[in-house]
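Each structure below is given as structure tokens.
There are two complexes below, and they share chain A, which is joined by chain B in the first and by chain C in the second.
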Partner chain A sequence: MSAVIRAEELSRWYGIVMGLNNVSFEIEPGLTGVVGPNGAGKSTLLQIITGQLQPSSGELTVFGLRPWNNPALLRRLGYCPEGEAMPKELRPLDWLRSLALLSGIPDGDAAARGEAVLDRVKLPREHWDKRMGQYSKGMKQRVKLAQGLLHEPELLVLDEPMNGLDPMGRQEIAQTLKELASRGVSILISSHILAELEALCKNILVLNWGRILASGSQKEIRADIKDWSEELEIECDSPERLARRLFDADVLLGFDLEPAAGLLRIRVKDAAVFYEQWTSLLLQSGTTIHGIRSRSRSLQNIYEKVTM
Partner chain B sequence: MTARLPTFLDALKAVWLLTWKSQWATSRLPIKLGSLLVLPALVLLTVLSPEKWTQRQNFFGNPDAQLDSFYRRLERHQIPMEATQKAGLRQIMRDEYARAQASWSEQPGQSPDARKQRLQDHLDATGTRILERAREFLDERQMAEFQTWEQRTRETTVARLSAIQTPWGRTTPFYHWLLNFYFFIILPLTCVRACGALIRDELQADTLGFLITRPVSRARLLIVKYIAQVLWLEMLLLVETLLLFATGVERQIPGLAELLPLLLGVQFLAVPAWSALGTLLGQITSRYMATALIYGAVVEMGIGRIPTNINTLSLLRHIETLLSRNGTLEGIFVWDVGGTWTAILALVLAPFIFVGAAAVLFSIVEYHASAEMQK
Partner chain C sequence: MPLHDVHYQHWTGTHRGIWARRWVIAQNGLAACVQNKTIRNLVVLCWMLALTMAAVLFLVGQLLVTDSVVTQSVEKFNPQLQTFVRMLTQWLEDHPEISVGTTQNVLFYFFSTYLMPVGIFVLGLAMPSLITRDLASNAILIYSSKAVTRGDYLLGKFCTAFGLLTVTWLGPVCAAWFLGNFLAPDWRFFWHARAALEHVLIFGVAGTIILSALALGVSAMSSREKATPAAWFMWWILGGVIQPIALHTKPWLRHLSFSYDLRQIGLSTFRLGDDLKTAQDNVPILGQMLGGIKAETRDALNHPTLAGALAALALMLVAGALIIRQRVKPE
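Showing the complex of A and B:
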């Protein structure tokens, strides 16, 4: 499967401030999440992808084309920026009709297209006649998403689209994005909240300080970090005895005991070595296990590790 | 539905819709209408109707003040005047000065000597009428003193008025409002402000991303934004000009019918030229208004006044050249003008040059870094 977006040694700086630092990656078709804390370089990356910024060095191509000032490529892209900025004195249909014309949709179809996308993002019709300055944050997010869908792009780039949405709204937008993805639209979606993307995206790109810390499918990211310290929370009848046995076997970086609660929290040195010896060490300790929870197996935990 | 690449007209229509729908928003309407009415209101306040002008006129002098000096003269010569005599004489003077004022008009292009002779003849006729009517109220001694005084006053008035080449008459303030203030200051600054903000305002509002991610080249986007803004400005400023002329008609300013087509024609050329300058300045700097003022001082007021070919760079000079075709304006304003066709050509070419340069800049420069850094 050919990559939709390909970056090679891509850097972007603003004066002495680094936005992106020599990153290389490929993004496959489908739903891909870009995650990182504020200032990680997400918006910079998305703006280079949508032709608003130029790379300072390196190269980025989308569908094999450079995005800057490239109408032939921009016809295939949809973009939903971060923030709430919109022409507040306009009504959504007026705005969408203009943007539809600017996207190459014939005048006769532009108004109908505006209505169709507002329906798709589930903006209630009773709000269509209001000026956008009167809209709530959630309603603005929906209209912003709608304008990105006007010309049925092959790649939709969304910068923090869930901001300001209530849980129901998030679910509805996520459903809309899944529907689009099922029709073959590639979607690149950024967020600083990993949980939003974990359930939605097949692939994740983890950014911080302008660098890519991890990329690939959720499974691949977990595999990439197999060497990182694993954290386990073990519920057992004798946490002290189990801790002593594991410590003697030299597989721990550290541990915390809560004897009263029957809890042992351990940080293992090498996950692969630890799991190889785990069963025998447990038997040797003679401890009865009531439960084990991995604190490292959720993407959120991985994200926190790599971005903190 | 597969979107095609938008044509130039598609893009223009889209941006035009955005432009006028934003400008015509209810929240902005009162400010827009209010700003359109400010200048006509100022004209109404400062330009008098012929009737009021006649009442307050002092072009030929204040008859009451002049008569006071005559009364003092009689007192020095111990020739007293009755109150009825004074009232009668005052009425005659007021009537005849008002009549002289109403029947006097400046003739554009007239030589100073010819104008002085006209003034002399005009005031001689007025003086003759005053003397004839005054005999009815004055005795022989009073009349002799009055004749001497009136003759001297008349000579002083002719000398005073001859020294003023273009006297600040009733209609002159109207033309200064119309041209020196509106056409040469307000109109250019309005155009520069509106078009300098084409991209800068979008940047500030953080809405540029919605436009530059559309399948339209950056140069084309800037050009259609410029054209849409110019269309809007042409309409807005047409309304303002017509309001000013309506004010002039209300104040009975002569010669407006001949001036209106010329002024509208020149305005039609000037608006795109000033707007194009604003567009370019807006691409060069975020402080485009300050830059425009510096440009105005250096190029329009400085280089444009140098009597060599370099003054061709001044847009104002070309506009003055075209306006000088009107006789009334030529009589009021002293302009160093050039050739008519050169002026037309310069005003037609200026938008292509300025907007072309702005489009090239917009195709190269991001105009996004500062907004990005604020995030």
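Showing the complex of A and C:
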């Protein structure tokens, strides 16, 4: 599969401050998450991708083209910036119509597209006649996302799109993004809400101090982390008995018991060997399982391991 | 099976051209300006003045027609003037290059320079709608992610300022010329008055371009909506205050006023000194009256400080460009 975005020895500095420090990576089509703490270089990277900033050195291409000063390419991209970025005195449809025209969409289609995207991001119609200055943060977030979708881009770049949304809103936007991805839109999404990215994105890019610490699918990154081990939280009727059986089978690195809560937390030596034997070990122990959760597969865990 | 939205498709139709997209930026800016009631009223005022100017030209034209309503009225008002009026009419008819060409050149110099401040004032009011508001709302980030470059964005905003000045300054002046000569008693007025139109266009277009570019620079200075109009008006007023003081102390300081510099371009374009000399040498009675003009005024008309004005305006434009370069960018 050819990469949508390719960076080679890309750097961007602001005076003496490094925004991005000699990074090289490739981003495949689909949903990709960009993870990193504040100041990691996420916004700088997204701004270079969307042609807002010029790299100080190195090269970045999107669909094989350089984004800087390239309207033909920008027409294929949608960008939703992190902060507020909309004129307060305008109504959303007026603004979206102008932006559609700015993207080169003919006048006859511009207004209809504005309505379609507002419906897509589920901004209630009763708010369409209000000026955007009167909007809540969540509503503004939806309009911002709508303008990114307006010209039906092939790559959608979203900087913290879930900020200010309530849980229901987050779920709706996540669903919209999944739908878009299923229609062939590549989506690059930066967020500090790791749980959301985890559910949305197969691939991630971990940034810190302007460097790429890891990139690829969550599975690949886990495999590359040296001291990574599978951690499971098992809820069962007899945690002691299960722990003893697993320990005897020599598949554990360690465990932690909470008998009162019926909880057993284990760290597995070799995940492949463990899962091969898991069913039989469980049957031998005669324990009834109420629930199993992986603690190590979370993006949070990967992020912590990578940035440690 | 999850329900998928089947309406999503990449846009495959024909995209509008880059000029259409630049026009969207200009159009939005103009629409925002027109929402300001004071600007709307000033636009109406400018066109009323244009109609007044056309009426003046109509009256001047009537002076060249024997037995016209105007000459009859003058004679009726004061019968003693009959001989003088008839003599003047005859003379004016014999010298159309002076009676029409020189007269309209002088009239349009004054009309252009007196209407220019209205344009400058309107630009001040429109300052937030140029770049300031986009900086304040950060919408510039969104615009620059669309299929336009920063240059396209600035060109669109420039067209907004240019458009405003066109409807408040250049347009009314040109319209007055066309309407005034259309109402004249003879079609040859268009020919004899062509120099005035040429000067109006040179001065008006140059002035409009310069003022639009300066206004963009000032509007990019700050993201506060009150700060940029204040800066523009302060610069304009201070320039006007410094100008007479500097005349007798440090004359180069006058060039800090962009309106003074533009007037120097106007004087150089319209060449009023030549008109004064022509009138003085050729027009009976009036020529002798013009001999009483102060030497200082005569010197100012004959020797406008064009080089200094152009240098000052060039420096101002460079400063404006630097401000825009520094401020109009996403980071």
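Some notes on this structure:
We adopt the following convention: the second predicted complex is superposed on the first by the 235 of 308 C-alpha atoms of A that agree within 3 Å, B and C clash if a C-alpha of one lies under 4 Å from a C-alpha of the other, contacts with A are read in each partner's own complex, and residues count from 1 in each chain.
One rule holds for everything that comes next: contacts are C-beta pairs under 8 Å (C-beta built on N, C-alpha and C of every residue); 3 or more make two chains touch, one makes a residue touch a chain.
Computed from a predicted structure; not experimentally measured.
After alignment on the shared chain A, the placement of chain B and chain C results in a clash. By the document's definition of touching, of the two partners only chain B reaches A:R131; chain C does not.
When the two structures are aligned on the shared chain, A:G104 is found in touch with chain B and with chain C. Within the superposed three-chain model, A:E154 lies in touch with chain C and out of touch with chain B [touch as defined at top]. With both structures placed on the common chain, the touch criterion links A:Q171 to neither chain B nor chain C. When both complexes are overlaid on chain A, the residue A:S57 reaches neither chain B nor chain C. Residue contacts after overlaying the shared chain place A:P71 against chain B and chain C alike. Using the contact criterion defined above for the overlaid structures, shared-chain residue A:V17 touches chain B, although it does not reach chain C. By the document's definition of touching, both partners, chain B and chain C, reach A:M86. When the two complexes are superposed via chain A, 277-285 is the only one of 115-123, 133-141 or 277-285 in chain B with C-alpha atoms clashing against chain C. In the superposition on chain A, chain A positions 14, 47, 50-53, 69, 71-72, 74-75, 77, 79, 81, 83, 85-87, 89, 98-99, 101-106, 109, 147, 151-152 are in contact with chain B in one complex as well as with chain C in the other. Those residues of chain B whose C-beta lies close enough to touch chain A in the complex are 1-6, 10-11, 13-15, 17-18, 21-22, 25, 27-28, 205-218, 363, 366, 368-369, 372-373, 375.
Residues 14, 47, 50-53, 69, 71-72, 74-79, 81, 83-89, 98-99, 101-106, 109, 116, 120, 144, 147, 151-154, 178-180, 182-183, 185 of chain A are the ones touching chain C in the complex.
Taken together, the chain C residues at the contact with chain A in this complex read 2, 4-5, 7-11, 13-18, 20-21, 24-25, 28, 32, 133-134, 137-150, 152, 330-331. Against chain B, the residues of chain A that register as touching in their complex are 14, 17, 19, 43-44, 47, 50-54, 69, 71-72, 74-75, 77, 79, 81-83, 85-87, 89-90, 94-95, 97-107, 109, 113, 131, 147, 150-152.
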